[in-house]
Amino acid sequence: MLYREAGQYKTGYTADMAVFPIAQDRAGIAIILAAVVLLPIVANDFMLQAVMIPFLVFALAAIGLNLLTGYTGLLSLGTGGFMGVGAYACYKLTTFFPEVNIVIWILVSGLFAAGVGVIFGLPSLRIKGFYLMVATLASQFFLQWCFNRVQWLYNYNASGAIEVPERYLFGWALTGARATPTVRYYVVLTIVVALTWIASNLVHGRIGRSWMAVRDMDIAAELMGIRLLPTKLLAFAVSSFYCGVAGALMVFLWYATGAEYNVFDINQSFYILSMIIIGGLGSVLGAFFGAALIYILPIALGFAVPALLAPFGLHIGADTLEHVRLIIIGALIIFFLIVEPHGLARLWQIGKHKLRMWPFPY
Amino acid sequence: MREETAKGKCVTAAVAAGFDTFPRLLARNAATLGDRPAMRHKDYGIWQTWTWKEVNENARALAIELHGLGLKRGDTIAIIGANRPRLYWTMMAAQMLGAVSVPVYADAVADEMAYVLAHAEIGIAVVQDQEQVDKLLGESERLPLIRHILYDEPRGLKDYDHSRLHPLDAFIARGISRLADRAQRALLDAEIAAGKGSETSVMLYTSGTTGRSKGVMLTAERCIAAATDSVALDKLTDRDEVLAYLPMAWVGDHYMNYAQGLVSGFCMSCPESAETVQSDLREIGPSFYFAPPRVFESLLTRVMIRMEDASALKRAMFHYFIGIARKYGEKLLNGEPVPLGGRLLYAIGNLLVYGPLKNVLGFSRIRVGYTAGEAIGPELFSFYRSLGINLKQLYGQTEAFLYITVQVDGDVRADTVGPLAPHVEVRFSETGEVLFKSPGMFTGYFKDEERTHEVLAADGFIKTGDAGFIDPVSGHLKIIDRAKDVGRLTGGALFPPKYIENKLKFFPNIKEAVAFGDGRDYATCFINIDLSAVGNWAERNGISYGSYQELAGHPRVYEIIAGHVAEVNRSLAQEPRMGGAQIRRFLILHKELDADDGELTRTQKVRRGFVAGRYAVLIDALYSGATEQDVTTEVTFEDGRKGTISARVRIAEAKTFPWRDEPARQDEAA
Amino acid sequence: MDVLYKVLVDPFLQMGGAPDLFVQTLWEGFVVGTLYALIALGFVLIFKASGVFNFAQGIMVVFAALTLVGLYEKGVPAYAALLLAIGAMFLIALGTERLVLRPLVNQPDIILFMATFGLTYVLIGLGELIFGGSPKVMIADQLLLPKGDITFQAFGGIVQLQKIDIAAAVIASLMIAALAVFFQKTRIGRALRAVADSHKAALSVGISLNQIWVIVWFTAGVVALVTGIMWGARSEVSFALQIIALKALPVLILGGFTSIPGAIVGGLIIGLGEKLGEFYWGGLVGGGIESWLAYMIALIFLLFRPQGLFGERIIERI
Amino acid sequence: MTNERERRQSNDIILAVEDVTLSFGGVRAITGVSFDIRKGEIRAIIGPNGAGKTSMLNVINGFYFPEEGRITFRGQTRQRMRPHVAASQGIARTFQNVALFKGMTTLDNIMVGRTLKMHKGLFWQIWRHGPALAEEVEHRKVAEEIIDFLEIQHIRKTPVGRLPYGLQKRVELGRALAMEPDLLLLDEPMAGMNLEEKEDMSRFIVDVNNQYGTTIALIEHDIGVVMDLSDRIVVLEYGRKIADGKPEVVKSDQRVIDAYLGVAH
């Protein structure tokens, strides 16, 4: 309906292969970007601190996991662990070299996660599916154990937790108690947008195709000359990189003060996994949808439900709400698997197609 | 000299100044519009584009090579295939050498094609692909003159004997390198310079509704003069885009796309293939669009069918807003006053329905749209206009190249073909036949003095063979029918078959109709149902059918058609002088009329006489009062095999209406 | 050199040096192993019959135990609570079949797995909503489970066996035996085995697939309840149990997803390996390696035998 | 046409299989089979079901390792090698039951076939501009030529999962062609097709062999097709070679008639 594609013909392959070939889509993206950039003007600190920043962080992690599970078809429950690697690496780096800008370390810490990811990805050559999932559980629990037991990782703090030091960016406090949500929001936004762009570049190119080929039919892929191990390992590396950066962002720019090892426990892995299930496997966009639904929706409910019940004199405690939240997430997962196994991303596609064909049904 | 307009460089003003041949226009465009796109072709997944410079270069390269093959001034060269830039370039190249290009219908069967090629004394044929090459080689003993065949698509021709076959692209490459040499350039430039506007530049074979087709000779200067007028009329500029999807052999394509393109400098896009025209149209979104009524007709049918499958809510919305459009759309388009409420509703409709609909059809950007070739159903016509598409009618023919009358923005009517085109004169014979003089008029039929004289009146006017009159109210020309087809019932009442048929054909369910009645007591007709429309209806109503024949014979289908016929009768009864021509009896033909059986022309017009002869038994039955009739018909299949089908055809009575009988042909005095 | 000694030699010297401790550890491992085996059994039952990788098995254990204790705390007599808990497991089985499995029939395994994953969230939420998130004490006495321990002189030291552990081992073994009988002898059991081979076969036995799924999930639920009770009695009833239950996964990998004996052997290997590893090697790296050792064992094992202990070598065809 | 092909194919051997033996856990699939494929010819492997035809292809492109025997491809002799190596040496294939990448479009499937020819690494891929994009475009051109060749323009951007079987087979052929192989292995390219589709497919096969001079080895059950497509035919039965030669020779071979032609239809 909103689309006006007549006259949008492509005279070259570059234009034809663009990620957003349709002008209306590009416009839409531009509007969204503008909106999120201008958000802090209207949004209060809660909105930024408790909604947007976490949403972006989770979305990034979800993209990471989606590259591995959605695009390459390798089921992983190690997300939390890899995020942790990022966080702890960043902590060690910035405490070793306080003078280097934290943003750089956040990105570099992703590389450490990537390294670890590759090591735990090695088994993926010989084992597939659920077996591989168990293998990734090994990494999850092992890493979790390290974060807890290897005191060196948290500089022997008595608390056994990471204590985020104050760091500055162009004079603004970026981490630590004095960092304002607005500053942190912009940094997170920049990083997430940049990495999203890169992710979409990857999946639209040769590498992305090899990943999907391995996912859809690994035997055929090998006979096409795609070498399975390097391809899978690359997927692990890139995926872990994203998770690692997400982890670092989580501790340094969301929590901003510190975090304990159990932030990165198995439940974190489950949480992210549920995001990509609902958002849609094999879709970068889906990662954002998933993060929004799984993280933001319950918050919204947190406000809506009591407000709705109040008139009837009913009151719900925060913890009750938390339980309800879990039930809702679970129900949503099942619901979406039943109505649309390919998640919100697929629904979005269908809707888009309808808009393009409007007023025709197909 | 050139004027800047909002829409870009308006080059039409420059035409007068000595650009009297197409090669000169091409050279001019290459100079003035050098890097603007001239032609596109959807190939290998994208719209390959050539600028005017490149087109000029390629055409020149071809020209020098054709010269090498011995193509001389006055020679003829055949061009056979779908719309392809390279084929248009050969036209240009031939004209550079003063040769006459003869585009031929690519879908013509080998025999038909052989006739034209032989008659036109073709020495060199430029074809699209293997299919055409095979046709020519197959008929080679009938075509002794053909020395060379050039082809565009090498697919499948690898193992052919290449002594007389040449790939076009290699040709062009060679030509370009050859043109590096000054002497060669000079030679070519000399040829172009030697060209005169008065020379025949193209020969178009009219499929002719009767007899063998004849070669209409057109001279460059006249073509250009005519095109210049219409380009000015519709303010076409190099910013316009057209989709060249109509047969190159048809005057419409040569005028609308080739001539107007070279004059105005707009960009012409060639579709990927016949199957993809719709999607290609959608991609290009032309700003100038021409289609014969049947195209708009089938399009509307498809639209309605597709909407049938939409959700009830959507369907309701669609029909509601189409209603709104019918109410206000045309008024708005003609700039007539419309109440604010109406404007508002229309705006909403535009957002929800018209805009998107035009978008999916590829009509969003149409600035000027034309339809012609036969009368268009008023409803059909206003449907598109009400969507905000500036669709207009024109009346013309090959011999006039092309316009005789053309409607101007703001003064458009469904039932007329508009006022005279610029520089066109018209008079009427005592029988009401239309005669004209036009800037583009032809110089005669190739090697056919006799028939040339038939149509050429002593005073230099040309007979159109159509009966019509100037509508006193609007001052527009009104065409009733082919002059020789307008008949009288024994009762003396007027009987214009086409007129009736067009009314019938507006119903999506009716694809083709042939009316009879001349010299009879009353009017009757054959009907072809539209398989897609009726078939879709049948599915939705759980009616199973194995073939067209079976569906056509189905009682409930007869009911539907009877309803339509009654509708037509009602409207005839209301019109002056037409009431007598109401259909009394009709039948639904057991097979679709088909060009391969000679029942239709290549442009899908009914060969009335032929059909009448072929189905004489049925016509007799229509008047004998029989309720059904057995008939056996010979048919030709796609692959050329012949076979016969026989059927028992039912004949139905139609509801007629009382009409006020008026004295015949009174306003024809005009 | 020193490290190598610590890793390769010292532990074995310790075993030899203090056989009593060694036996003690073995026993520990054996008990834990049987419980792992029990959880794994739940997985296998469901995987065999419905091809579903039931991620929710762990939480089912917790949920079952919670229901039992929760109801008791709400004043329901112990045995009534036990029956009600069983009833609850049946309801879960029924609900799952109706709301999850039936709509998703013929979907790829991964989808079904994800669905059980959603189920897990629901059950956690429900459990916490109804019974609260805080750990509870298993009503061992009320269910007449033995307390205290048996100690005896042996292997040049004292070996101490918790009675509850013995009970656990015994009950677990009984449970497994019972299931074995159920599968071999009863009609339904045979039907279930048929399903594992082919769904058509099952129908020929005259039991609808849906019924079978309910039965299987219910059986798995009961197994979960028993596991929950035993485990609860050994430590406490809390959601942490769900994580421990994940240890059933490496067990499955060793044993294969479809083999009951596999589950048992696998459980024992993991249990023993884990305990020994923790006791003799854990110290070297600061302890607590129990949390991941099981997975590591499975992982390393996988690298050499991807098809599991009892699985057959897969020949890939194209 | 045929004489054309004969002119094109020389007598030099592109692939030689020498007494290859293969078995799965004691079950013999292939026993001491030897034959060769000449450059530029269309070579058919036929035989009743379970004769070891597909296994033979799997051995040739390195998916299975033969216990005994040697395989010489373009002069290099080897007993075992990984499939992706075979691919990189110029062996492509299609599969008995279509093995397309279901989640991807026709175009992407064909582009995957170009993977071996694409070399821009992660660093460039990240930006997807400059070199990486240039490379992408360059190979898109090749892909489009293949699409044009196989006349599948209209499904260019359709996910292959939604295509009818016949078209899927065609796309799979396209994917193999994208590798510009020297040797193309076709495993029952016409299985489950109607007559028209079969005609199209055989036309394409001949055209491929014609246009690109690709050597083709194909397994096919439709004897009619095999007879007029192929230059030479190997007949297998129970993993053994029972005949080898020109169609007319094979057709008249008594053992073949008994073993196959007699019973197959």
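Think of it as A, B, C and D in the order they're written, each chain with its own count starting at 1.
As a convention for this text, a residue touches a chain if its C-beta (ideal position, glycine included) is under 8 Å from a C-beta of that chain, and two chains touch if they have at least 3 such contacts.
The model shown is predicted, which means the values in this text are computed figures rather than measured ones.
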| item | value |
| --- | --- |
| For chain C, the least number of touch steps when starting out from chain A | 1 |
| Between B-D and A-B, the pair with more C-beta contacts | A-B |
| Mean-CA-position distance for chain B and chain A (Å) | 57 |
| Centroid spacing, where centroids are CA-atom means, of chain B and chain C in whole angstrom | 78 |
| Centre-of-Cα separation between chain D and chain B, whole angstrom | 47 |
| Chain A and chain D: spacing of chain centres that average the CA atoms, whole Å | 42 |
| Overlap residues in chain A, where contacts from two or more other chains coincide | 12-13, 219-220 |
| Multi-partner residues of chain B (at least 2 other chains) | 45 |
| Residue list for chain C, restricted to those that touch at least two other chains | 316, 318 |
| Partner chain D, residues of chain A touching it in the complex | 12-14, 17, 198, 201-202, 204-207, 209-210, 212-213, 215-217, 219-228, 234, 282 |
| In the complex with chain C, residue positions of chain A that touch it | 75, 123, 126-127, 129-131, 133-135, 137-138, 141-142, 144-145, 148-150, 219-220, 266, 270, 273-274, 277, 319-320, 322-334, 337-338, 341 |
| Contact set on chain A toward chain B in their complex | 1, 3-13, 15-16, 356-362 |
| List of chain D residues in touch with chain B within their complex | 1, 4, 107, 140-141, 144-145, 147-149, 153-154, 156, 207, 210-211 |
| Parts of chain D lying in touch with chain A, wherever the complex brings them together | 61, 63, 82-84, 86-88, 92-93, 95, 99-104, 108, 111-113, 115-116, 118, 120, 122, 125-128, 132-133, 135-137, 140-141, 175, 179 |
